[in-house]
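Structures given as structure tokens follow.
Each of the next two complexes has chain A plus one other chain: chain B in the first, chain C in the second.
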Partner chain A sequence: MRLELGKINIKDVQFGSETKVENGVLYVNKEELITLISEDENLKSVDVELAKPGESVRIMPVKDVIEPRVKVEGPGGIFPGVLSKVDTVGTGRTNVLKGAAVVTTGKIVGFQEGIIDMSGPGADYTPFSKLNNVVLVCEPKDGLKQHEHEAAVRLAGLKAAKYLGEAAKNVEPDEVKTYESLSLLESVNKYPNLPKVAYVLMLQSQGLLHDTYVYGVDAKQIVPSIMYPTELMDGAIISGNCVSACDKNTTYHHLNNPIVEDLFEKHGKELNFVGVIITNENVYLADKQRSSNWSAKLAEYLGVDGVIISQEGFGNPDTDLIMNCTKIEKKGIKTVIVTDEYAGRDGASQSLADADPLANAVVTAGNANEIIKLPAMDKVIGHVEPANTIAGGFDGSLNEDGTIEVELQAITGATNELGFSKLTAKGY
Partner chain B sequence: MKKFVITNNPLVKEKLSEYIEINYFDITYLDILKKVRDKVHKGYKLLTHPLSGSLKPNETPYKSIIIGHNNDKLDMESLMIIESSIQTAEKFIKDKNTPNWNEKILKDFQVIDISLIEQLVKEL
Partner chain C sequence: MSKIKVVHYINQFFAGIGGEEKADHKPEVREGAVGPGMEFNKRFKGEAEIVATVICGDTYFNENTEDAKKKILEMVKKYNPDIFIAGPAFNAGRYGVACGTITKAVNDELQIPVLTGMYIENPGADMFKKSVYIVETKNSAAGMRKAVKSMTKLALKLAKGEEIGTPEEEGYMPRGIRKNYFAQERGSKRAVDMLIKKLKDEDFTTEYPMPDFDRVEPNPAVKDLANAKIALVTSGGIVPKGNPDHIESSSASRYGKYDIADFNDLTSEDHETAHGGYDPVYANDDPDRVLPVDVLRDLEKEGVIGELHRYYYATVGNGTAVSSAKKFAAEFAKELKNDGVDAVILTST
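Up next is the complex of A and B:
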């Protein structure tokens, strides 16, 4: 499977009379976009705002971040099984509006989280402060239940990203990058002397505001399976996970998975990246046993020498992570796990809810309990009220002067467990 | 295996009683975990993970855990999981206690908590 990603660098976003890309500027026809998103009868009103790097703007509560993409050549369309037919994606050419994103906000539940500051100290902790963001502010119709509200906001973001992505269809990319995965046998024959490595991608799959979809299927209902890495780049996996802002994988993360990117970078040179094993993180312990058995079985069947395992979210996924790690290690396959930490505000406590001596190679994305003080911003997009009721905040965390004192866990992507951030710790 | 839910979530009691036996207690999140630990020592095993959901133990006040009778035998895996879950919860609560949420937010937490086990309970 071979995919060309045509990257169109976006350096600014503006409202205009026509949605188009010209000289690196994304112009958005606001009315047209609002009309498209307002088709959903569960939404009472929709507004679109722009947020650019360096502005004194706070976006909250953030539900999802999505990169606009469009299929230019090859089967299927973006977000298969959700917005496009369920064709297998990941081949041909896909164009990307690099440097732009759709951000969804919505007060689905009273307690909330997910802050993106476009400037100030908070901006350093979220990769999305560096993007030209098209922000959707969605208000539900009266009495809409939380489940339907979440679905409406999720679909609104995907639709907006697809709509904006289509503006990239006939634009000449600034850069074209090619990613190719051969079949397992071909790959092993081509690189007989390189260690074979697979990536075990754990998907959050527990319930309301905790879900992920694979080709439109709720990940709770999958058994572990094998995917080509380029399928991710066409939106085969999308996020419905709105809880634990710092370490949830947004759709943007799935599209731009840095572990996939880095493995491709070393592919054919230092290692042979043979594919992605996707698995879930269910609440039922028998599901955890089954899924970790299957991920170990698939790793063994692929005959890999090593795997990288990433988890998503807080608490019980630590158990899935350790089950995956230990069962794969016991097959004689080396593992590296990627996680973040809840080590207490002083950083002195046990970081994970589960552990094992076999988990002896760990990459951490930082301590989510660390406290940060965020200055007031001139403008807040979304809902400011949840500031007091935000994960990692506490009573009075929204001060009268507009400053917020919170744990890093309130900031979208701050300790992302794919490593899509700057935080880490090293031990020797 | 006899299965039942230990919960402090009134919505679970109200909505799921027709599917499974509910043991409802008006106690804290941490005390629910401790109650489950007592049960594990008495020969019950965990069927769902005590730290279900990504909501932090000092964020949501509600917790519902499904356990099953294990023929009075101690299940070591359950014991390990519940002990480390209690340790994790205590770590959060030590830094900051669960806020006094208003009624509307409490309802939202109840809805999230039930969503983590609802489908499962109906399939068991």
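Up next is the complex of A and C:
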């Protein structure tokens, strides 16, 4: 499977009479976009705002971030099984508005939504402060249950990303990058001397607002399976979850999975990247056992020498992480796990809810309990009041002058467990 | 800046009083440096000075710990030092425990920076490395010069309130405290590089060494359930409506104690969840789903259990630090015992 990603670098975003890309500027027809999103009868009101790097702007509570993409050649469309038909994606050509994103906000769904500051100290902790963001402010109709609210906003974000992505369809990319995965046998024949490596991608599926969708299927209901890495780049996996903002994999993260990117970087040189094993993080013990058995079985069946395992969320999924790690290690396959830590505000507590000596190669994305002080911003897109109740906030987080004191947990993408960012922690 | 004032603690042996036969030596304080204190003073190069030395026999300290602690704290307080240094104790077990105990006490009670040093297998190391800075030394006094060299460097930093580097940089035993920083490369790249090293059987450094887990064996089963007083405790966040104690949705810093004497059934009218880790709809619809008061009332009526305790305790387990959870439980476990509770049903989510 071979995919060309055509990257169109977006330097600025502005409202305009027509949605289009011109000289690196994304113009957005605000009314047209609002009309499209307002189709959903569960949304009472929809507004669109822009947030650019360096502005004194705070977006919160953030639900999802999505990168606009469009299929230019090859079967299927973006977000298969959700917005497009369920064709298998990941081949041909996909154009990307690099440097732009759709961010969804509006009334809080539950607790676990995040903050994106476009400037100031908070901006260092979220990758989305560096993007030109088209922010959807979606307010639900009264009396909507949380999961219906989440579904409405999730679809709104995807629809907006698809709508904006279509503006890139006929634009000449600034850069084209090609990713190719051969069939297992061909790949092994081509690189007989390189160690075979797979990527075990754990998908958040604790249920009830903690969901991820694979080609439209709720990941709770899958058994572990194998995917080509390029399928992710066309939106085969999307986020539908409200786990803590710092370590949820937004749809943007899935589209730009950095482990996939960095494994491709070494592919054919230092290792042979043969594919992605997706698995879930269900809450029932039998599910955990079945899924970890299967991820280990698939790794064994592929005959790989090593795997990287990434986690999503924390606490309960720590058990899935350790089960995957230990069962795969016991097959004689070497593992590296990517996680983050909840070591308490003072950093003195044990960081994970489960551990095993076989997990001897850990990459950490930092301690999510560390406190950060965020200065007031000139403008807030969304609602600032949830600062006291979102995960990572506490009674008194929000001060009268608009400053906020929260754990990093509340910042979208701060301790991402795909290793998207540079934050990490060490022992003292 | 005036000279940094140091009070030094040593045992009877290093004070030149005697060996084992003098180990019952009671605490005394002498002006200036004694024994290894001379080496410290030399290394301080005028930046700091030992103003007093506390001497105590190892046996005396360990057999009269409370008394020794009290006396020594008074002695230290009088000099109001900028830092308190004990040892180094090398592999002397009772001396190591004394150094750990007294440095921790001085730090806790007098809020003065403290430092000690010992061999990694000294029992005092495991007992106190998380509480105080312990410089790792050789296992005998032959390593005195090297130990004092590392200790003076760290002592000056501590006394001046300077930022302390990693255990590798400063030579102290890891205290298990995690601190964030921005790495050169993103996490995914570090993971790929680590895997390549692991595949080649090359050395690699894990970023998070696995912790030693505190595993708790369950108690034996309750024999006489029909006469047992049962309490409910939950980390599922069920609180009286409005969350009167403002328990956080994640990383809880507090717990609540609530009276359920008047409830046979929890409803959305009177209770809700404060927990941020799951969709609250079903817990709010019927809070008994997380805190089963209704079922326990049935069992009470049927005589299966003796009675349901009138108070339940609740916190939010979502992202809550183990140290906080331990602290909460230590407090309310005492109350539960005093209230004659025989068994507790812990519900999570």
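Going forward, the second predicted complex is superposed on the first by the 418 of 428 C-alpha atoms of A that agree within 3 Å, B and C clash if a C-alpha of one lies under 4 Å from a C-alpha of the other, contacts with A are read in each partner's own complex, and residues count from 1 in each chain.
As a convention for this text, contacts are C-beta pairs under 8 Å (C-beta built on N, C-alpha and C of every residue); 3 or more make two chains touch, one makes a residue touch a chain.
Keep in mind that this is a model prediction, so the values were computed, not measured.
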After the match on chain A, would you call chain B and chain C a fit or a clash? clash
Give one of first, second, both or neither to describe whether A:Gln204 is in contact with chain B, with chain C, with both, or with none. first
Thinking of the overlay built on chain A, is A:Ile34 touched by chain B (first), by chain C (second), by both, or by neither? neither
Is A:Glu341 contacted by the first partner chain B, the second partner chain C, both or neither? second
On the superposed three-chain arrangement, identify whether chain B or chain C touches more chain A residues. C
After superposition on the shared chain, which partner residues are touched by A:Gly315: those of chain B (first), chain C (second), both, or neither? both
Contact-wise, after the overlay, does A:Lys266 reach chain B, chain C, both or neither (first, second, both, neither)? second
Once the structures are superposed on A, label A:Lys288 by its partner contacts, choosing first (chain B), second (chain C), both or neither. first
Considering only the touch criterion stated at the top, classify A:Ser244 as touching first (chain B), second (chain C), both, or neither. both
Between chain B (first) and chain C (second), which, if any, makes contact with A:Ala151: first, second, both or neither? neither
Touch test for A:Leu423: chain B only (first), chain C only (second), both, or neither? second
Both chain B and chain C contact which residues of chain A? 110-111, 146-147, 206-210, 243-244, 314-315, 342, 344-345, 349-350, 369, 389, 391-392, 394-395, 409
Touching residues of chain B toward chain A in the complex: what are they? 46-57, 59, 66, 81, 84-85, 87-88, 91-92, 94-96, 99-102, 104-105, 108-109, 111-112, 115-120
For chain C, which residues count as touching chain A in their complex? 130, 164, 166-167, 174-192, 194-196, 198-199, 204, 206-211, 213-214, 246, 248-251, 253, 275-282, 317-319, 321-324
Which residues of chain A touch chain C in their complex? 110-112, 124, 145-147, 195, 197, 206-210, 243-244, 258-259, 261-263, 265-266, 270-271, 305-308, 310, 314-315, 334, 336, 338-339, 341-352, 355-357, 359-370, 389-395, 407-409, 416-428
In their shared complex, chain B is touched by residues of chain A numbered 109-111, 146-147, 204, 206-210, 220, 241, 243-244, 248, 283-286, 288, 313-319, 342, 344-345, 349-350, 353-354, 369, 389, 391-392, 394-395, 409
